[in-house]
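There are two complexes below, and they share chain A, which is joined by chain B in the first and by chain C in the second.
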Partner chain A sequence: MTKILFADKLDSCVERWRSAGMTVIGPVQRTNSSMYDAVKSASELDLNLVLADRSIKELFFPQSEPMLRYNITKSEINTSEFLPPSGPRIIFGARACDASGLAIDDPLFGWDYKDEYWFQRRNESVIVTIACTKADEFCMCTSLKLAPDSTKGSDILLRPLENNKGWQVEELTDRGREAFKKVADLLQEGSDPAAATVSVPEKFDADACAEWLKNPENFNSHFWKEISLRCIGCGSCTYLCPTCHCFDIQDEGGSFEGIRRKNWDSCSFALFTMHTSGHNPRSTQSARWRQRIMHKFNYFPGKFSANSCSGCGRCTRECPVDMGITETLQEISKLSQ
Partner chain B sequence: MTENNSNAAQNIYKPAIMKIVNRHDEAPGVRTLRLEFQDPLDHELFKATYRTGMFGLYGVYGEGESTFCVASPETRNEYIECTFRESGRVTSALARADIGDLVTFRGPYGNRFPLEEFYGKNLLFIAGGIALPPTRSVIWSCLDQREKFGKVTIVYGARTVADLVYKHELEEWMQRDDVELVLAVDPGGESPDWKHRVGFVPTVLEEAAPSAENCVAILCGPPIMIKFTLISLKKLGFEESNVYTTLENRMKCGLGKCGRCNVGSIYVCKEGPVFTAAEVSRMPAADL
Partner chain C sequence: MSIEQLYRTRAKELLSSGEVKMVIGYGAGSNKERRRPLFITSAEECDKLVLDSACISNLSGYLLTEGLLSDEKRVAVFLRPEGVRALNVLAAEAQLDTAQIVIIGFDSPKGELKALEGSSVEEFTALITALKEITPETAGEEQLAKIEKMSPEERFLFWQEEFSKCIKCYACRQACPMCYCRRCIVDSNQPQWVNTSSHTLGNFEWNIVRAFHLSGRCVECGNCDRACPVNIPLRLINRKMAEEVLNSFNHFAGTSKTQEPVLASFKKDDSETFIL
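Moving on to the complex of A and B:
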C-alpha cells in the first residue's frame, strides 16, 4: 500500500494549500508559451505537457530582479532593499530535470557569498515533481545520469498511476512532508500500480565528453569553430536553461533615483566579456560556444561535482538554428572514441 | 516584491557608501580618488579583510559599478584610494564627482599578494602605464614595513612623460636611498627635460638587469607588455613561480556568480586577481 493522491482531489489540495497561505504554482499554458505560474485552481494546471517551454529557474532567479532602490540628495544616498517575496510556495508538477537544475545551482549561489535572493525563495518553496511518462526527441536527462523520476532537488515525487487517475506520493524531505500533512485527509492508501516512467534513450557519453573537454589540447580544436558556425548568438538557449545562472547588474533610472537590477545575461553575447579597452577575451561566437560547453561540462563539475546541465533539452528544442548541447556532445562523444 | 530598510538577511550586492575626501589628477584622463567609509561597520569589515592585491567594485548609482584594484596599501586602511582612466560610463561619473560627493564600493574581493612569502627577499616591481596603481598598493605595503624585505627595485614605464601616474610618489621613491627606481617612457614620449630612460619596459628592464637571486618580481601592465616582459624576466633568470601578476577581466558581481570573468576554469574574481606567471601559463591563452 502506498499513499495516493487521486486527480479528482487535486483541486481540494490546491484550495487547502492556498488557504494555508501557500502560493500554488504549476505548469500552465499562457498565450505565447507554457511556463510555471501561479494558479488559483487545479483546472488551470496543464499536467500533460512533456515540459513547460520556460524553465523553473525564473521562479527563483527572475529574468529581472530589483535589488536596491536608490535616492540621492545633495548630502545623502538613501537605499532601500528589495527582498524576494516571502511566503511559502508549492510548485506542483515540476519535472525532474527542472527540479534537479535548482539543486545543481544551489552551491553556485552559496559558495562563500550567499545570494539571499536565491536562497530565500529556495527555502520557502516545496517542489512537487511528477515523474515523466512521456518525453520528446529532445529530452536527454538519462545522458546526464539523471532520470525521468530523479529525486534531486524535489521535496515530493509523484508517480502517475497506470490508470491515469492520480499519483503515488513519495515524500522525500521534511518540507515536502509538512506540505502534504496539510492535505493528509485528501490522500488515500491504495495499491494502484504506477505507470512505467518513459524510457529516454542515451544520446551521448557524458564521461567520455568530460575527458575530452579536460584535455587542454582540445581547447584550441577546430571542432569549436565547425560546430558553432550557425550559432547566431541569440542567447535563447541560456535563457531557457534551468541551470544557466549568468547575470548582469544594471541601474535603471537617473542620477537621483532609480533601481539597481540583476538581469539575466548570456555568455552567447559579445558584450558579455568585453573590456572597457575594447579587448574581448571571447571575441568570436565559437569562443563563446566553447565557453558554454566547457563551463557546463568541465569547469562547473570541477568546482561543484555536477554537470551544469540536467538534460531538459530546451536549448536544442527551441534553438532557432537547430543547434544545441545535444549535437555538440554527440560530436564530442564521437571525437573521443 | 517587498521593500525593506532593515538588514535582516545580508544582501551581498549592497555596496558601502563612500565619501570622496580627496582627488588628484595623475595624467590626462587619469584620476585618483580617496574614499572614506560612511558606515563604521563597513569600515571595520574592510580593515579586517583587506590585503594588498584585492579588488573592489566602485560605483555611482544611476551609472553602475566598475571593477578595479584597491590602489592604497593594506598598511593604510583608514581609507581607500582608487586610480582610474575615464573611459566608460562609471569611470566618467566617478571623474565628474567632486570632493564631498558620495559614491559606492563593494569589496574587497579576491585573493592577495602573499607578502609573508616575500619576507627577506628582494623585490622587483615592474609596471606599465595605468597598471602602476595595483603595483603601488604592493609597493607601499612593503615600504611601510621596509625592514622585512631586501632590496626594492621599481621599473616603471609609460607611453609619454605626461602618462606617468603618481608623479609625486615617483619623486619620493627617487629620493629614497632604500629604493631603486628606474623610470622610462616609450621612444617619442620623452619631453625635452626628460632625464630618465627612453625605451620599452622589457628593454629597460634588461638594461637594468636586476639579479634574480632571492628575488620576487611583481609585474602589472597591458597584455602586450606582460608578454614581452615575461620573456625578459626569463632571460634574467627568473622562475615563473617567482613572478606575480594580476589579471583583470570584466566582472559584474565579483563574487563568483555572474559567470564572465573566468579564464578557462579559473574564476579571476575568486581565485585571482593575483596569479604567478606559472599559473597564468597553465591557463588557456586563447581565453585571456
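Moving on to the complex of A and C:
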C-alpha cells in the first residue's frame, strides 16, 4: 500500500495549502507560452505538458530583481535594501530536470557569498515533482545521469498512476512531509500501480565529453568554430536554462537617485566580456559557445562535482537556429572515441 | 530533377569553379520539421543541402558575419523573396556590396516549392515590385484586424501582457538581418539609454525602440517572430509599421539597392517644420 493523491482531490489540496498561507505555483499556459506561475485553483494547472517553455529558475532567481535603492545628496549617501519577498510556497508539478537544476545551483549560490535572495526562496519552497510519463526528442536527462523520476532537488515525488487518476506520493524531505501533512486527510492508501516513467534514450557520453573538454589541446580545436557557425548570439538558451545563473548588476535611474538591480546576463552576448578598453577576450561567437560548454561540463563540475546541466533540452528546443548542447556533446562524444 | 537536386548541382558548380567561396543554405535539423543554416565551402559537401517548404528562415543576416565579405570574394546564399529584399536594404544602407552575392532563389507559395530565376538582386526587381502590390491584402492578419478594433486602453493591455513575457534574450534582434549595429542602443551604458531590466517598462522600451528602428526597413521575413522563445507576436508590430510606411510614404522596403531609407532621409523643402 502506498499513499495516493487522487486527481479529484487536487483542488481541495490547493485550497488547503492556500488557506495555510502558501502560494501555490505550477506549470500554466499563458498567452502562447507556458511557465511556472502562481495559481488560485488546480484547474489553472497544465500538468500534461512535457515541460513548461520557461524553466523553474525564475521563481528563485528572477530575470530582474531590485537589490537596493540609492539616494545621494551633498551631505550623505542613503541606501535601503530590498529583501526578497518572503512567504511559504509550494511548487506543484515541477519536472525532475527543473528540480535537479535548482539543486545543481545551490552550491554555486552558497559557495563564498551566500546569496540570500536565492536561499530565502529555496528555504521557503516545497518542490513537488511529477515523474515524466512522456518526453520529446529534445529531452536528455538520462545523458546527464539523471532520470524522468530523479529525486534531486525535490521534496515530494509524485508518480502518475497507470489509470491516470492520480499520483503515488513519495515524501523525500521534512519540508515535503510538513506540506503534505496539511493535506493528509485528502490522501488515501491504495495499491493502484504507477505508470512506467518514459524512456529517454541516452544521446551522448557525458564522461567521455568531460575527458575531451579537460584536455587543453582541445581548447583551440577547429571544432568550436565549425559547431557554432550558425549561432546568432542570442540569450535564448541561457535564459531558458534551469541552471544558467550569470547576472549583471545595473543601476537604473540617475547619478543621484535610483535602483540597483540584478539582471540575468548571458555568456552568448558579445557584451558579456567586453572590457572598458574595448578589448573583448571572447571576441568571436565560437569562443562564447566554447565557454558555455566548458563552463557547464568542465569548469563547473571541477568546482562543484556536478555538470551544470540537467538535460531539460530547452536550449535546443527553442533555439532559433536549431543548435544546442545535445548536438555539441554528441559531436564531442564522436571526437573522443 | 527536383529543385533540391538542381540547386545542389548549382552549388557544386559555383564552388568547384571558384565563383563563390561559400554557399549558405539549409541542412537537415534535429527533427523532421526543422531545417538549420548550413555553411558549405567544398563541392563534396553540397549533398548535405536540403531544400523544401520547411526552409523558412531568412539567411541574409549571415552575410554580415564579421570578415565574411571583407576579402571581396563572392558568397552564394539561398533566399526567398524576403531575403532578396533584405539584401537590397542592406546594400542601400551600405552594409554589403550585392556584386559579392550570388542569389539562389526559391519560394513556396501555398507550401509548393518553386525555383526563382536570377542570381543578382536586379533580376528580382519585377518580382519584388509585384509583391508591393499584393502584400497588404494577402498578408492580412486576423489578429491584427482584431487589435485595430481595440480601444487604446485594450490595445495597451494586450501589448502589456505580451511584453510582460519578454525575457530580453534579444533573439529577435540577433535573428534579424536588419539588426546589424555593432553596438545596439541597449548595450550602451554610458549613458544607459534603455533599461536593460526585463520589467514591463524595460520590455516596452526595448520592443518599441526596435519597432521604430525597423520601420521602413523590415522585410517581414518573420525571423524575429519565430525566434522569440516566449512567442510574442512580433510580426504584428512589423506588419503594422510596414503598412503605415507604405500608406504614408509609398515605401516598400527592399525594392532596390539604391532605395532611399524612409526614416533616414529628409528634404530641405519638407513641409514639416521640425525637420530643419
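A few points about this structure:
Convention: the second predicted complex is superposed on the first by the 336 of 337 C-alpha atoms of A that agree within 3 Å, B and C clash if a C-alpha of one lies under 4 Å from a C-alpha of the other, contacts with A are read in each partner's own complex, and residues count from 1 in each chain.
Going forward, a contact is a pair of C-beta atoms (placed from the backbone, for glycine too) under 8 Å apart; a residue touches a chain by one contact, two chains touch by 3 or more.
All values derive from a computational prediction rather than experimental measurement.
In the superposed pair of complexes, A:R54 makes contact with chain C only, with no contact to chain B. When the two structures are aligned on the shared chain, A:L68 is found in touch with chain B, with no touch to chain C.
Residue contacts after overlaying the shared chain place A:F180 against neither chain B nor chain C.
When both complexes are overlaid on chain A, the residue A:R230 reaches chain C alone and has no touch with chain B. After overlaying the two complexes on the shared chain, residue contacts for A:W17 are found with neither chain B nor chain C.
In the superposition on chain A, A:T79 contacts chain B only, with no contact to chain C.
Shared-chain residue A:D248: touches chain B and chain C both. Between chain B and chain C, it is B that contacts the larger number of residues in chain A. Legend: residue contacts after superposition of the two complexes on their common chain; A:Y36 is shown touching neither chain B nor chain C.
Overlap of the chain B and chain C interfaces on chain A: residues 248, 250-251.
In the complex of the two chains, the chain A residues touching chain B come out as 66-70, 72, 76-77, 79-86, 108-109, 111-116, 120, 216, 219-220, 245-251, 253-256, 258, 260, 262, 265, 267, 272-277, 279, 281-282, 287, 291, 294-295, 298-299, 302-303. Within the complex formed with chain A, the chain C residues making contact are 29-31, 34-39, 57, 61-62, 66, 161-162, 165, 167-171, 173-175, 187, 189, 192, 195-199, 202, 223, 226-227, 229-231, 233.
Of all residues in chain B, only 1-5, 7-14, 17, 61-66, 87-88, 91, 102, 104, 223, 248-250, 252-253, 255-265, 270, 284, 286-288 touch chain A in the complex they form.
Within the complex, the chain A residues that touch chain C are 30-33, 53-54, 63-64, 137-138, 229-230, 232-236, 238-240, 248, 250-252, 261, 263-264, 266, 269, 271, 284, 316, 318, 320-324, 326-327.
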